[in-house]
Amino acid sequence: MPTAPAPAFADAVASDRSLRRFLHGLPGVDTVGLEARAASLGTRSIKTTAKAYAIDLAISMIDLTTLEGADTAGKVRALGAKAVHPDPTDRTTPRTAAVCVYPDMVATAKEAVAGSDVKVASVATAFPAGRAALEVKLGDVREAVAAGADEIDMVIDRGAFLAGHYLKVYEEIVAVKEASGAARLKVIFETGELSTYDNIRRASWLGMMAGADFIKTSTGKVGVNATPANTLLMLEAVRDFRTQTGIQIGVKPAGGIRSTKDALKFLVLVNETAGSDWLDNHWFRFGASSLLNDLLMQRQKLSTGRYSGPDYVTVD
Amino acid sequence: MTFEYAPAPESRSVVDIAPSYGLFIDGEFAEAADGKVFKTISPATEEVLSEVAQAGEADVDRAVKAARKAFEKWSALPGSERAKYLFRIARIIQERSRELAVLETLDNGKPIRETRDADLPLVAAHFFYYAGWADKLDHAGYGPNPEPLGVAGQVIPWNFPLLMLAWKIAPALATGNTVVLKPAETTPLSALFFADICRQAGLPKGVVNILPGYGDTGAALTAHPDVNKVAFTGSTAVGKAIARQVAGTDKKVTLELGGKGANIVFDDAPIDQAVEGIVTGIFFNQGQVCCAGSRLLVQESIQDELLDSLKRRLSTLRLGDPLDKNTDIGAINSAEQLARITALAETGEAEGAERWSPQCELPSTGYWFAPTLFTNVTQAHTIARDEIFGPVLSVLSFRTPEEAVAKANNTQYGLSAGIWTEKGSRILAVANKLRAGVVWANTFNKFDPTSPFGGYKESGFGREGGRHGLEAYLAPSSEASVK
Amino acid sequence: MSTVERLTVFKTYKLYVGGKFPRSESGRVYEVKKATSAAGAAGKANWLANAPLSSRKDARDAVVAARKAQAGWAGATAYNRGQVLYRVAEMLEGRRDQFVREVADAEGISKSKAAAQVDAAIDRWVWYAGWTDKIAQVVGGANPVAGPYFNLSTPEPTGVVAVLAPQKSSFLGLVSVIAPVIATGNTAVVIASEERPLPALSLGEVLATSDVPGGVVNILSGRTSEIATPLAAHQDVNAIDLTGADGDADLARDLEIAAADNLKRVRRPQAVDTDWTTDPGTDRLTSFLETKTVWHPTGSLGATGSAY
């Protein structure tokens, strides 16, 4: 099913020049102000009932991820099982949103989560560097989709983006979207490589205009991945995009979110920036692995009143 | 499903408020000579917190005498020794900062988030900063061997009780003056706790004297013939009265008074940060801030978009229990102040401006005012001219930078202003034309002990903070001028 | 044939307002006499001139002129203001003899003492000419705030300053109070010494030919209290220098009280017998300056945490 840009942006994507003009016409971002706002929201104190709600919500938003060269079918099966039953001792624990694997592990993952509503997401497009010919990238996507992936996590061509070849990046996303078919497309910017917040805002709009279903911070493979500030900025972008077009887009911070405390801060960002419409795993995800165990330990603490320990959650 | 934050109150148990407090004179707590007392209440609950002695003229005289007596030794101390007392005080404030933050929130009504993250860190930093000056005054640019003035009579407001105390006392002591300070009648407690900090620091008796009381206590203090220096922060009306009162005397005066700050947003502003800056500018401390950005001047081409964003943002502000760590908007400081804000807002409506507030439930006891925004405001409206000193923002629009500057400067005040634009040359050009003592570009309501603060025009004179803040408490060396 | 002593041409002394030389709008004048030194010159003709006796309307007009000139003068580069002040010194040097005579007559001192006063006054213009582009560096600067902000304090002129020139020192004192006010970009409405106004009125003629824009300095003669009272209460005057109220504590107090109505910056009078030849320092420069502090975020280069 071919995707066309939202009509509002037909002029903007007419040429490299018009696209540059559009993206550079977006409001600037003041670094200090953005980071101060993110830090300020980070001081929210989430206690008792709010904490219980937020922990379950966070668990349900996790794309439980393994993206290692050393991944085995056994590890992926274990991950799938954990996604379906994160805490075997407490069946009230929500499932995670998805498991996230390399394309060659999609089939295995599908089997592991079969019968549940846990989705399988596959990274693609020569993840994580994105340095391959377009045909190779599209082949990567088609393989994952054919194997049953519900969601595709693509990486943008940062080299092209930083060189100002916005139309190239745009067209590649459009092509990947088309190759993804019914699978929901998450577009990874690798914010840690984009250098400025202005670039993150531009990349966010570029991705949304090209048909992304989600915009995602990072691969988890570079030094700095999801931060409160870059996620706040992307939440502003999806909020503004919906105001302008009526189209709602999801956000996925990925990499570096390890503790319950961190996750709750991100949920506060969602709540007070994009709003409660995004407090749902259809619209917000955490790309994470070790985060789940910390959430589970905190959940056990809330339900039992005593602190849990690593022996009471499963290793990955 | 919505994400409701459960109550997260800061514990009150960290602070122990006595049922009554005396005046702090010559190192001792004492009753007022005439035995008068007054009650201080928590504006969030109207609960009586304590009963405080009310200083009269006789007490003022006694305190000034104590300060005069202490001046001799205090001013003769080597600067390095005075510095160490101030460093001690700074450290003790840091140690007791949670206690003081809770106390301030109780007595003032402002959110614990602000007292914890803004007031108290700035208080400690201010003492640290001026402590370091005490033995370096020869290098401050006021000539060799500058001298203290003597006894400083200081009158402070209720909006930042402990911070204003720090702004007054730290430079006064660093330069070798002694102090008689009158805290505001609605917020006397943190100053009285500060007296205890002076005790813990071993500060010589009489160097700092604290006299709670009303306006008449302040007037008696500033009028006292043996006061050499008057420092006042508060309303422009009282500031003018003080300026008349000290006319013809040798008293040195600094006044930090009202404001009607313009926050100017150009069409190329970093919009999301500008929205935050507007919110910080007018809703920080419920807008009870002399340098508040109480007039929003927005460029016509982005007015609708900006107002939509602003309204959406205001809807997320959390009003309620000031001790709750998630509260953004606390209580108005007093019934009197609430009445003034209410009356001015009603004037705004009566004069035809359009009033808007987010959905916001106000607690049934205490003094509360919902964040309020007025659109369709012109320069001629009362709410565009009078200082409201509350969470009320007047929105005006402009087309050209010239018009923005003309409107921003069209006020009797000149304390603060804000500029939001991504164009560097425009920031510099506009900042240059604004008649205001503090200009925040792409930020707002930032304070630092090294940064001089004070107004143009009827916002007062003199600067507090930085090297500039020393001037108010120093005279040129008398030996140098004798020749 | 007897030689008739040539009859000299008297000068009509006029005010200096907005770069022009008007008479008082009131049409009034008052008699200015030679100061009688201790030695006394009893019996000699003491009349010097009829000086304009300025009214409150003259004061008002002078404020309008000063306000009109203020933005332009403050907006001139500090270098340019320095050149203009230096030009005043140059022009004075050329008219030195005239001022020596006027000062000697005004103050009842010898020509040589008067010459010392005039020389010092010329040098004072040079002193302040040099200050125009230095004072900002001395009293302003960067403030090391504890956060990611650039923070800079700069001095700015207060605006329109009413100046009561000293009553005794008719020229050195006069220059010593005018030059620091305008050096920093203020404009001035000056009330000349009541009994010794002629050097001040002549100074207007020098200023008019020294590239000082019209309205930057406005000079009024007359009764100090009559002119100062409306100036002290004037809502469009930003500051007042009460130096010339030195001998009259009641007047000084009343003016300070009136000045409080719009919170004028007030410089109180100093001792009557001030020695104007001493090093003036920067005190008078800074009396009529405001400090403006501008903040701007700085942030960091690696804003998104990139390793570059």
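Lettered A, B and C in written order, each chain numbered from 1.
In this text, a residue touches a chain if its C-beta (ideal position, glycine included) is under 8 Å from a C-beta of that chain, and two chains touch if they have at least 3 such contacts.
These numbers were taken from a predicted model, which means no experiment stands behind them.
Taken as a contact graph, with one node per protein chain and an edge wherever two chains touch, the assembly is complete, since every chain touches every other chain. Legend note: the chain whose CA centroid lies nearest the centroid of all displayed protein CA atoms is B.
The centroid of the Cα atoms in chain B and the matching centroid in chain C are 36 Å apart. Centre-to-centre, using mean CA coordinates, chain A is 44 Å away from chain B.
A straight line joining the Cα centres of chain A and chain C is 69 Å long. Shared contact sites, meaning residues of chain B that touch two or more other chains, fall at 442-443. Multi-chain contact residues, meaning those touching two or more other chains, occur in chain A at positions 30, 32-33. Each of residues 149, 297 in chain C touches at least two other chains. Within the complex formed with chain B, the residues of chain A that make contact are 27-30, 32-34, 36-37, 43-51, 53-54, 57, 236, 243, 267-268, 271-272, 276, 279. Partner chain B is touched in their complex by these residues of chain C: 138-139, 143-147, 149, 151, 153, 158, 238, 249-250, 252-254, 256-257, 259-263, 265-266, 268, 278, 281, 283, 290-297.
Only residues 1-8, 113, 117, 268-273, 276-277, 308, 316, 325-326, 422, 442-443 of chain B touch chain A when the two sit together in their complex.
Those residues of chain C that touch chain A in the complex are listed here as 148-149, 297-300, 302-308.
Across the interface of their complex, chain C is touched by residues 125, 141, 143, 236, 239-241, 243-244, 247-248, 250, 255, 257, 412, 427, 431, 434, 436-443, 446, 448, 450-454, 456-458, 460-461, 463, 466, 468, 476, 483 of chain B.
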